[in-house]
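What follows is chain A paired twice: with chain B in the first complex and chain C in the second.
And then the complex of A and B:
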């Protein structure tokens, strides 16, 4: 009896933890499935049912025609979109965080709206623009669109970092006769770098994974998400899961390494 | 990561929101044009590739004509009426599915955000990474994984069947017989899954800012844990709830991937219609009108939010 009541009491105390962990499980279950099914040996065209173990797909990830080409296209677009969005976004963020100017509210709204608009709406309107201008759909139209929707996210990340920076550091640099350029290069940039890096990383992830806007603006160019979408209609090769699993592993390792480096640096400074 | 939380106020309440507040000179005061030069490229990009397309789209929606003969602005507003009456089911379905997914996200996401903010201890960093990590695998691949999880005759469907859950859901009309795939339940499940991090991160940001001593104070004043939650934690986390809700509902209402991959022709949402009209049927005026209606609905929501919290907290 007392065991039962103590069990109930303990359960009640940890109910939040239990519910939270269940949600975490819900979030991670698909990744587990993707990983497990990267070792599947499907009999049919689709990779939805477990048939047997095979590491063939891991040995030959480019074995499906078009897959690695589409990966290369996606990486290329993501790299350029990250560069463009990071440069434009950082400049905008500095203007917003450091200066007073007219039409501030309008600028804030213009930066917020792309994040608040359903992708289908942005995609559809961009396509209308490109069609009206007679632009040829492909690499460049995708890149333009990606820079557009990544920009706002970079602004958010960088602006937060610039605002949290102690303004006295720059004042100190100026007091020590550093010129504006030197102050920026030696003080401002190193301190805001983590924010810029976070924005760039986010831009890369958003661009690399984008499907909806790309689908409207790609023409006949095939990015990796578009390859996956196409294969969902025709038949899903196991190699898709291999790429998905590898991406997940690389990203987690990357983040873990980043956290470790940051921790060590903090310890050294302390 | 803070960027993912989008709408919530910048996570640095300690610094003044307007750095050029009275008494504090902005650094590098030389050149009053500097902010405009800094803004120019980014804002120009957004004006040309975000705002101008919206204008083009508005004009396309009141044009008539055909692909072969070209389109002309004829102020044909009937397109809106026709689109709305023909695709009313998809519109209401979008609101219903996105609304259900948002409610589910809040219900599932709140405990996890609470866990990370208050109970995770040294595991906090790891759990946060695990919440964001799925983002790094293409969301299409992850959505396809739900086809495996919810497969007919699979363990999940089997368990739901044994527990007679499917009887109830079928009676409610959200599943069909012994199937979950290709039903509204599968679509809502996929939407909930895909947008859950957008709910968790802003919730976490606002929960994390709550001073733990407030909980102790409430406990000292004989508030039960539940009362503490209801009177202290929940009200203080409302900014996170509001922005999380917006960040989940907005993309979910325009989504067509989940409805396409996990649903059937009976679960088509407004995003599916816009996509087919634009990319397959090539009926540009109707597609533009539909997209414009969706945008208008979203804008109303966003402006209500802006009226509540001002533009400074947006970005």
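And then the complex of A and C:
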């Protein structure tokens, strides 16, 4: 009796922690599987069953033909798409947040269209468009498509930040002898930077990940997601898990570094 | 510096106005703020005072008119080229910079390399030397306010503009900062133009107060002059409290005008009347509540001759420590207010008692009766005692 009540009491006190841990486990389990199977030693062509430990794939990540080429293509496209979408999206966000112009309302809703449109439909339409224009499918068509669908996400992220910024801060800068360029560089940009960074990260992740639109607009170019899809029909090399784990590790390292920098800054100020 | 002959640093607004579509925020306005003075623009929200300030800063473009600093016409200059700095209402401290960099901002933008000594001295002046490496959000409201002042003053502007700088502080801190700002202004000798809706704040700090209403300056002068000799009902009601009695000019006696209000005859020095005083002219007779004495009707024989008298019945009293506020219901003026110091309190002065309110005619002022008698009352906030009496 007393044991039961104390158990219930303890459960109640730690309910939030328990729920949090379960959710975290739900989120992380797939990543754990990816990592664990990057050390598998599969007997056949498929990496779906645990056979035994081996670090062979880690020693030779480019051992599968075409994998590292596709990874390089994906990273390049993601980098350029991020740059293009971030620059264009940031300018669009500022225009929408700051200025009143004709058709501002229309632009404000149209910007969401690529987010709302089913991706497969968008992909097929893009292919039609490129074919009708006589464009040669490949790196450039993929890049154009990626910048297009990343743009909306950047606009949304940056616009929220610009709208929450006190307009008096820029007035204060102008009042303190900063010309228009100086005001932007010293005040507007640093304050909106978190929004721009969030938009850029989102764009990179979306571009690197994308399969459907890329598949329609790629021609003979092969990106990493396309390589994974293609190889999955014939057999999945362990190296795919190696690349996945490495990407995950890089992301985690970025987050840890960011937290460490923030912590050190806080300590300095205290 | 002799400010009576040296006019090179005056702020001169000539015919300046601002309209937004069909709404006129500021009517054509002429204003000269002498160099080195502490000048207050006082008015309720939406009266155009902040717009006027922003036009001096260059943050708002005037629809017409010119802004001059000394002999220089700065109307067309953008804000970053004007030798003028602003303390903003919400302080507008840069959240991504620490206190030191906030204060150094103006110096750095003008290309000054060695800012350390100046910034440290300025932070000492506002007693924030210890906080230099903190971010604005880590400071209290009062400290943020001082950073905002330091950030503006370090540039030695020709004019410092303050937009409701104390509005966000609690009452006690506000009092303290009022004295602090006044001290700093005297120390640095820079012209301060201060926008506020708080009449007490304007009166305690400023040498000259301009009362604004609906885009116009109603009256301008030293605080005591505005309080003692209001020329419009708005000023009379917005600055403190006034009793206004509708009366008719009847005759003259020496330098005084005699006016009839109901059964009373009230004397008013002609020099203190801004309305026409020909016989039959309508005049609002004004008197401040603290200039009036209350005597119980039974002892009205003891009131010296020659004083203005109004009879009535006490409707409400409220005791507020330093004084007692009475609301007297009189045939010539409903809700006639009297503030009496608590020296010899007559226990018979309770609600319902018949009383005579009397005062020295020299304290009376006269206003043109063509104006709205209640102008400025709502903006200033109705005093508590009157509110209770009306309820």
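In this section, the second predicted complex is superposed on the first by the 240 of 270 C-alpha atoms of A that agree within 3 Å, B and C clash if a C-alpha of one lies under 4 Å from a C-alpha of the other, contacts with A are read in each partner's own complex, and residues count from 1 in each chain.
In this text, contacts are C-beta pairs under 8 Å (C-beta built on N, C-alpha and C of every residue); 3 or more make two chains touch, one makes a residue touch a chain.
Every value quoted in this text rests on a predicted model; they were computed, and no experiment measured them.
In the superposition on chain A, A:190 contacts chain C only, with no contact to chain B. When both complexes are overlaid on chain A, the residue A:171 reaches chain B and chain C alike. Of the two partner chains placed by the overlay, neither chain B nor chain C lies in contact with A:51. Touch counts on chain A: comparing chain C and chain B, the chain ahead is B. Legend: residue contacts after superposition of the two complexes on their common chain; A:179 is shown touching chain C, with no touch to chain B. In the superposition on chain A, A:6 contacts neither chain B nor chain C. Shared contact residues on chain A (touching chain B in one structure, chain C in the other): 171, 174. The touching residues of chain B, counted against chain A in their complex, run 1-4, 6-7, 10-12, 14-15, 17-20, 24, 26-28, 30, 34-36, 38-39, 41-43, 45-47, 49-54, 56-57, 60, 108-109, 111-116, 119, 125, 127, 129-149, 151, 193, 196-197, 200, 246, 250-251, 253-257, 261, 271, 274-275, 278-279, 284, 287-288, 291, 294-295, 298, 302, 306, 311-312, 314-315. Partner chain C is touched in their complex by these residues of chain A: 166, 168-169, 171-179, 182-183, 186-187, 190-191, 268-269. Contact residues on chain A toward chain B in their complex (touch as defined above): 16-17, 19-24, 26-31, 33-34, 37, 48-49, 87-89, 91-92, 94-101, 104-105, 107-122, 124-129, 131-132, 144-145, 147-148, 151-157, 159-160, 163-164, 167, 170-171, 174, 180, 198-199, 202, 205, 209, 211-212, 215-216, 224-225, 228-229, 232, 236, 240-241, 243-245, 247-248, 250-252, 255-256, 259. On the chain C side of its complex with chain A, the touching residues are 57-59, 78-81, 84-86, 88-90, 92-96, 98, 105-106, 109-110, 133-135, 138, 151-152, 155.
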